[in-house]
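Both complexes shown next keep subunit A, but they swap its partner, so subunit B is in the first and subunit C is in the second.
After this line comes the complex of A and B, so read on.
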């Protein structure tokens, strides 16, 4: 440990891993998707609308087909005008009696694969449910586009890249608090003041990452959930556990005797970690409602990420951030060690 | 270390000054200027890295003084 933190190979490789992952996190394009359906007009038996795509390749792709469908019925485009790579004008002939009012808009071409806007269009007209089976499109193999990309999600859009910035802040914090938990136990077992220094340094740097996590989370929430702070159990849990850890430093300052201070704060650090785990993991998973993915019944990012493309970048980035956090921790710890030696000297 | 900082800044500036109209500039303007954002990110990362590295060496020297 003492030797490892003075070596530089892991610091350099950690930064390189982080830099590589962040390059991918920023540069990888978003998957193509349907941004919106606009200018829906309906006259007699024809429907016309404008389809706006995102990162799509309408100009260069071949075999472009557009249709609307619900469970069993589909109606293909009669007129299809390509304006540019992301704009299409579409005209569709409708039957007199519709199977339903709500249709999904589906698009297929050889570069973008199959894109869909679920329940993306509302059509006025007489409805009579029927279970006919009219597939108007032919020879369409539902495919994925072929290049490396980030999943396209409505609401999230480009902010899905934040997964590689915001989430690893919490992973780094969890790593450091877990570390402090272990060193606090080791201090109580061995009474070696070095472990006390480690606990202090780890919690100190964990606070830096907690503040980064809270503030980046607030910014991300503002533009996806609509508010800087929401009534989310994981959010409040994170705030409470950060406050619990801040109280650790107050506890240390209020005790003058070094041995007593170290022992008391080690016990507190152990409890703080347990509370941290309860507030950040246990309570959110028991809550009835949460906005965070992967808590309660929410889909997690894993479900968006069918082929595991996000996962590779995310894990590399997380590893890089954790190494960076450990580096900052090691600096803090070495400073505390020098300070302790100086005090012993005097 | 300050010299090294200066050197890196000069390197960056010289890149942009000499880059007018050539491949480098074209590259920075391509794909919605995402490369400009990536360069900013990497400059920040590089400077943080250098700062930590400098602090690391300084602490190393202090440790050596205490141990000797």
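After this line comes the complex of A and C, so read on.
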């Protein structure tokens, strides 16, 4: 342990891994997508609208096709005017009787692949369900865009990059509290003050990462859910763990004898850790619904990422953040060791 | 077992001889209930009714348990070392306070529903609600048992129990409030069992952690 702390190979590789992953997470463009459909106008049998794309390449791409679609029915664009890379003006001829009122807009070109709008457009007219007229572009093959990118999702948009900051910060915090739990047990078993120093240092740095995780999470929540703080089981857990470890420092301040202080705070750290992590496991499953992915019925990031590109970046970033947190911990620990030596000397 | 029984008897006798603890707790419950009644007058919502009752019980529990080591100062503390093992001491404390808290909880429930009528709904099982009261009382006293032992050894006093105990008690409080809310809304045991089991899990954990960790704190 002492030896490992002094070595620098893992610090350098950790920083390189983290920097690489974060550079990748910030520099990789988002996938193209349809941002919105605007200025929808319907006159007689024609429909016209403006399509706004995101990160799309309408100017440089070839074979641009746009159609509206409902199940088996699709109607192709008659007029297609390219304004710039992300704006299109589209006119479509409609039949007299529609199969349905609600259509989604689909776009295909050779750079962006196939994009579909999630919202869809509402078309007025007489409706009579029918079997369908098949695809209007016979040759169209549904494709993915050809280059490497981050997934494009409505609501999330560019904030999906925060996945590589917010979540690994909490992982680092959990890693450090787990570490402090182990060192607290070791202190009670061996009564070696070094383990007490380790516990304190680990909890200190865990609090730092909790603050980072809370603030990145609050910003992310503001953009996606509309508020900095929501009533969510995960937020509950974050608040309780912060309170527990603040109480831990309070406890340390209220005992003068160093030996007794170490013993009492180790007992509290063990007790609080177990009660809290049981709670984390038990209560979110008790909650009816959580806004956080992967906890209840909410769709998770796994569904967003079919090819696992995001997963690789995320895992690398997590490893980097955890190594960074351990490095900060080791610095704090060494500082405490020096202080203890000085006290012993005096 | 014999020693635990004797220790519980000892706790009871000490509290009986000097009834100040009992008096203060029951007075506390009476006074808070009256304050709550004066500030609310009527509680229509079953959820608010339930949450208020548990908040009263929670603070009564802090009141009871933060005094649990008051007797154990100075000479008596040293004498206790010669009589029993730490495991016996903590288990006896937890059991005695569980019994005491069950009484306080029922008393609190009675006074509370005297002032603010019990919101009984159709199809509601009152027995399940009473079981919830017992479970909650035992849960509060086992979880706070170790915390008050830690606070006993610091110079923080009763305030320390609240600081150390509140964050730890939240999970248990949530489980018990959700459970009793469910009972008030007429849910059946089939829906509520997960809350009851998580409460049981937390009680078991609190008691066994107290059993394992108390030996490290009780002697200077």
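In this text, the second predicted complex is superposed on the first by the 335 of 346 C-alpha atoms of A that agree within 3 Å, B and C clash if a C-alpha of one lies under 4 Å from a C-alpha of the other, contacts with A are read in each partner's own complex, and residues count from 1 in each chain.
The rule we apply is simple: a contact is a pair of C-beta atoms (placed from the backbone, for glycine too) under 8 Å apart; a residue touches a chain by one contact, two chains touch by 3 or more.
Because the structure is a prediction, the values reported are computed rather than measured.
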With the two complexes superposed on chain A, say which partner A:19 touches: subunit B (first), subunit C (second), both, or neither. first
Q.
For A:251, using the defined touch cut-off, is the partner it touches subunit B, subunit C, both, or neither? Pick first, second, both or neither.
A. second
With both complexes superposed on chain A, which partner does A:127 reach: first (subunit B), second (subunit C), both or neither? neither
Quick check on the superposed pair: does A:59 touch subunit B, subunit C, both, or neither? Answer first, second, both or neither. neither
Check your understanding: After lining up the shared chain so the two structures overlap, which partner does A:211 touch, if you call subunit B first and subunit C second: first, second, both or neither?
Key -> neither
Request  = Would you sort A:11 into first (subunit B), second (subunit C), both or neither based on which partner it touches?
outcome  = first
Subunit B partner, complex, touching residues on subunit A are 6, 8, 11, 15, 18-19, 22-23, 26-27, 327-328, 331, 334-335, 337-338, 341-342
Per the touch rule above, subunit C residues touching subunit A in the complex are 143, 146-147, 150, 153-156, 160, 163-164, 166-168, 170-171, 174-175, 178, 194-195, 198, 201-202, 205-206, 209, 213, 216-217, 220
Within the complex, subunit A is touched by subunit B residues 34, 37-38, 41-42, 45, 49, 52-53, 55-56, 59-60, 62-63, 66
The answer for subunit A against subunit C in the complex is residues 188, 236, 240, 243-244, 247, 250-251, 254-256, 260, 263-264, 266-268, 270-272, 274-276, 278-279, 282-283, 285-286
